[in-house]
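Next come two complexes built around subunit A: one with subunit B, the other with subunit C.
Right, the complex of A and B next:
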């Protein structure tokens, strides 16, 4: 195997994971904060692996939607958990790539021998979202706070206008284009001629795969109930292509619009965490090694001026990582392609199969080619579970690591996650 | 969940009222706490005839720091402090005529017994008697001890241990249990010990140190109490419950420094998954407590198959399947393993509306009895405990009248606590309990049901 990676760098082991069931926005977790969810998720992981009172190398997690008071979200969650209070922590944020990026950061420190163990995670709530006051009102309030005399205070207050009192609600939209992520995805879907039916089929398969996985107990050691929820409440085991065909499109315009509420992920609340370690640490603690994190790659595209789709960055990251590891796209037993939208998954696969695109955009002599669809998202993905932005990476890493472990040693899995801002993260796991 | 009536009866005003009205006066029971002396006072040890255990028991007590008093003489003269325990070695009995000496010893001694005192009788099993007269004398003790238990007040208990010839080496663990606060709610019981090879002496404070213990149904109630007591006694607890109870299970595991395993024990692959988990994470298991149980009450004539089958699957079949798989799996069930199965008073006395539950719980009693010889061959044991009225969230939901009556119809006049069941299970799990095998120990305060 041709590789440019340094041979003396050890691979970080994935010991296991935990998440709380994901809940659609403003449902079961409407009253829960990011810190509540992340703390509960850490405690579930701690209980699963007997980490009570232990000092780990570090805990790295993040949230995409974050209150200003949560500036130290991960550290505060660690302090509220059963881990030793001497476990360091920090926050990261790379939109929907947060969870996977956190795992890569922890894995890299383990690989370099800087730490022996760590937890990577992510959490998001769209229910307990941070509301902000507009810039105009904010300036008034700051000058009010700085005012020294009654006169100054009254002057400041006099600048308040009714229109300023409407709070700014965080939107799932790109600041530079003003377009919702779904609208961006709809543009890409149209470009790549992704049909309605294939999107609906992918969504239905995600639901049925995940429901079956729950039924066979696959998630017994990956999920811990929270606030009365034992399974993701977005999961529709009885979903069918016929039912989905009746839904009206919500993204894109006119005749060609294909993206519905069913083949797009809903706003979701939830948290996930993954325990990573060196092989030695895992052995000392009597803990299993499900898989190793072999390599990872991030990429970004210019979706503002460069003519590339907002969610297409993983397409660019993939060939770089494959080449570095001497692998082809077909050398994998499982593929976990994050289902932000069914059309994103399908456009990604289509791009890798397209000779012109691969040559002109990726600079490849031959396309990466097609994958065996039977190996794709075999235990369900984000269309079924829902997608609490920063929590998705941890869900996928733990889920894939367990799949690989079940399949036996030497199996390879591929992760691809698209993120806002035109970014993407991909990674290779191996059992 | 507090026992409001017991607390009232023990208040100064309540004491007056209950005495005046002749109402029951349930005592605050002496329960075990780490570091506690075996007994809060001296013990009187006597014998009926030439007993062979009196010296052994006296030595055992002295080793445990208990002052051993000589028996009171017939005229009531005694040496000093009131006893906390009265122990009769009745292994010398030959005929019913000898029983008068038991009476002569017990009557004055019990008269002086302290609150939360212990009466313990050791005897040979009636089945191994030389003559019908000797068998009669030995069996007579059964009625004697059960009656004493009913006469005792203030939280005191009376129990009987049958010790066959050759099993003398096995008595330390049961004698210690019955005298200690661990047996607070075990009253009026008759049990047998058998000869067994005892492992090396254990740590008194942490008798389960270094052991790995699986507890099913550990997310709440009695299961959570078992997990906590096991952990207190030094075991690493693998707390098992269904995934829907996973959040409470994680809390239990985190509280006691154990690990949580979400597993539906009735799933086809549950035994295999449990075994793989134990092998991978712990290299094996020392203690398995089959505690998980459900009720689906209905009168038999109204009971559908679903209610019947789900109760049987959880309460009996899962215990059978997991135990069998552990026996079959090479090297997972370690030497000196202990399996403890939770049965129920309903399995002994029956209960209206609980045909399925009572059948499953009676089945457990048959199961441990049948498996005991096989376990003994591997230097392991399998036993059952049968809880009576135990105060849990489940009983808190019962109607007031039913609950009050249910909790009072026993010799201790109160419901037991989950910790009482847990202490009994932890005792059966000790390495030193090697001579207790195939038994069903009731934790019921000598309930009138099925007595």
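Right, the complex of A and C next:
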């Protein structure tokens, strides 16, 4: 059943964004916690838009890799920021979709008139990762804690084995399949016959686009330096297809393996935040409106038993959102497809072009069709910037909103983000 | 006043040993000398460790208390020198005032200078101010005054009265309760290098007349700063009076109150109400 958009809700405005440069794992932000990074990012946004001491409708953010002590990460960051301490906040987590989902949640409350302003964001660190004790040791420690007598305590302690003392390190792997995300992506790349060269080309374009964007000052009001870093330190302006061709594949097996460290995103640390508001609030505060969040859609696929690729859910979300808005895939001036892996972007595009897939899987009479590749990730994406999981959505929303604003009124942009757990989030922005 | 420029930070452990060995037979006036270090850069890993132990947020701006990490070894070098009239063992840090004149970026090279002044009389002995400044690009950006009390010592004839009180209001409302573990002194000593035995263990503290190890006053001060993070002006004066020793382990309360655009605060024992640290923070 096709849904229709309700006419009496307003569109949330995107006022602007801020992020800290993204840093490869265990580099510039090795000493920083999620809370440090999120607080610094919020304070940068607060300074940029003069929000010191202001109470906003809410702040919504999250982290994918999170210490249990950070249960209230976003609220704690707000309390440590220059916002009014009376600004409510909550955490969300939808893997790599976290940042965009947070923006949708804030935008929806603004659309319904429940709040007038809000910040959506995300942060992740793979350097200050939450190590956990193994499950066996955890159970021993819990019974030790519950033990009433010395005898009980000794009994509990006697159950500890040396092998249990190795901590559990969070892995970028799917709990139900045991496969790393890259291995899942490699399966999809093989299924869709995504070539090595086109992946490398996409990666090179991401780096050169982003380097050019930095050089022309595009990121000047989107990025605030942090801990000595002024640009994403994964960015390789001099990257070339020839150089990338020399790399050995890291995901997939044998002859057909195509995915290397260069056409896959590295583990990264960083944070981002986006300021959303009603048009009225933005006008009252004398703040700009870069674009509006028009609509969004989430989908999920059965990658465990259903035979669909782990990162293919955005492919399913897209036609639902397009139909609801009476738009075709070609009705956009910019496309922001998150580059978890170059092969993911290419498989996504190929699926939308494939008549059989669009008919059998998406239930469409005709394929969504091809897009103009010149409009894709024009200022670089995750292969260049890196991908601190929950921070990517905020980076893309702010970046696209500014692109649309620069292009003039009435321009449309599309966002597509794949996420662990077989989920995907897509959204439409319009200037 | 002569200025001696040092190339590196002196080792605090060595200075404590030297001060203990040369404690006797001191007297006379304050030394007419300044110690300095130029172009000092902050080690980001050390700053991160300091922030962690003091529960301060890690960022690009130095916490108000951090430059003390850089100037304290110089002050110790001055005080442990034979020319300093008061013996270091037995000196008690009773007041610390820090002025941050503007936000100091963590990557700014700093020129440091320390000296002693204001040899003053106190009903319980004599007091002296250890001064410190930090400048960036020739502009003073930070300064501090640490007042030490030497019990039983005598100030020179005609010395002024020491001023070690920081008046605050009643501060009855508790904002936070902190459980301070018994290794708090060792953990801060590891980061700050301030290995004064009174902070390290019960045994070493007893040798100096304390029943248990006591927390570093500057650590408590930094934790108050951390508790107020996000609510601080860029330029500020943070003035505290160290009252009664905070024995480890302890549970203490932090009381805060906004006054005239700034803050008053008190750190007290959660059980007895004994005042450990009281102070004020004002925008400059």
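The working rule: the second predicted complex is superposed on the first by the 428 of 431 C-alpha atoms of A that agree within 3 Å, B and C clash if a C-alpha of one lies under 4 Å from a C-alpha of the other, contacts with A are read in each partner's own complex, and residues count from 1 in each chain.
As a working rule, a residue touches a chain if its C-beta (ideal position, glycine included) is under 8 Å from a C-beta of that chain, and two chains touch if they have at least 3 such contacts.
The structure presented is a predicted model; accordingly, all values stated were derived computationally and were not measured.
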| said: By residue count, which of the two partners contacts subunit A more extensively, subunit B or subunit C? | reply: B
| message | After the superposition on A, what does A:35 contact: first (subunit B), second (subunit C), both or neither? | response | second
| query | Of the partners subunit B and subunit C, which touch A:82 in the superposed model: first, second, both, neither? | reply | both
| task | State whether A:48 touches subunit B only (first), subunit C only (second), both chains, or neither. | result | first
| said: Quick check on the superposed pair: does A:286 touch subunit B, subunit C, both, or neither? Answer first, second, both or neither. | reply: first
| task | Determine, under the contact definition given at the top, whether A:223 touches first (subunit B), second (subunit C), both, or neither. | result | first
| field | Touching partner for A:195 - first (subunit B), second (subunit C), both, neither | value | neither
| Which subunit A residues contact subunit B in one complex and subunit C in the other? | 40, 43, 82, 225-226
| subunit A residues within the subunit C interface of the complex | 31-33, 35-36, 39-40, 43, 79-83, 85, 225-228
| field | Residues on subunit C engaged by subunit A in the complex (per definition of touch) | value | 44-45, 48-49, 57-60, 106-107, 229-231
| message | Quick check on the complex: what are the subunit A residues that touch subunit B? | response | 40, 43-44, 46-50, 52-53, 82, 217, 219-221, 223-226, 230, 286-288
| query | Which bits of subunit B are touching subunit A when the two form their complex? | reply | 236, 243-247, 249-251, 253-254, 257-264, 267, 269, 273, 280-283
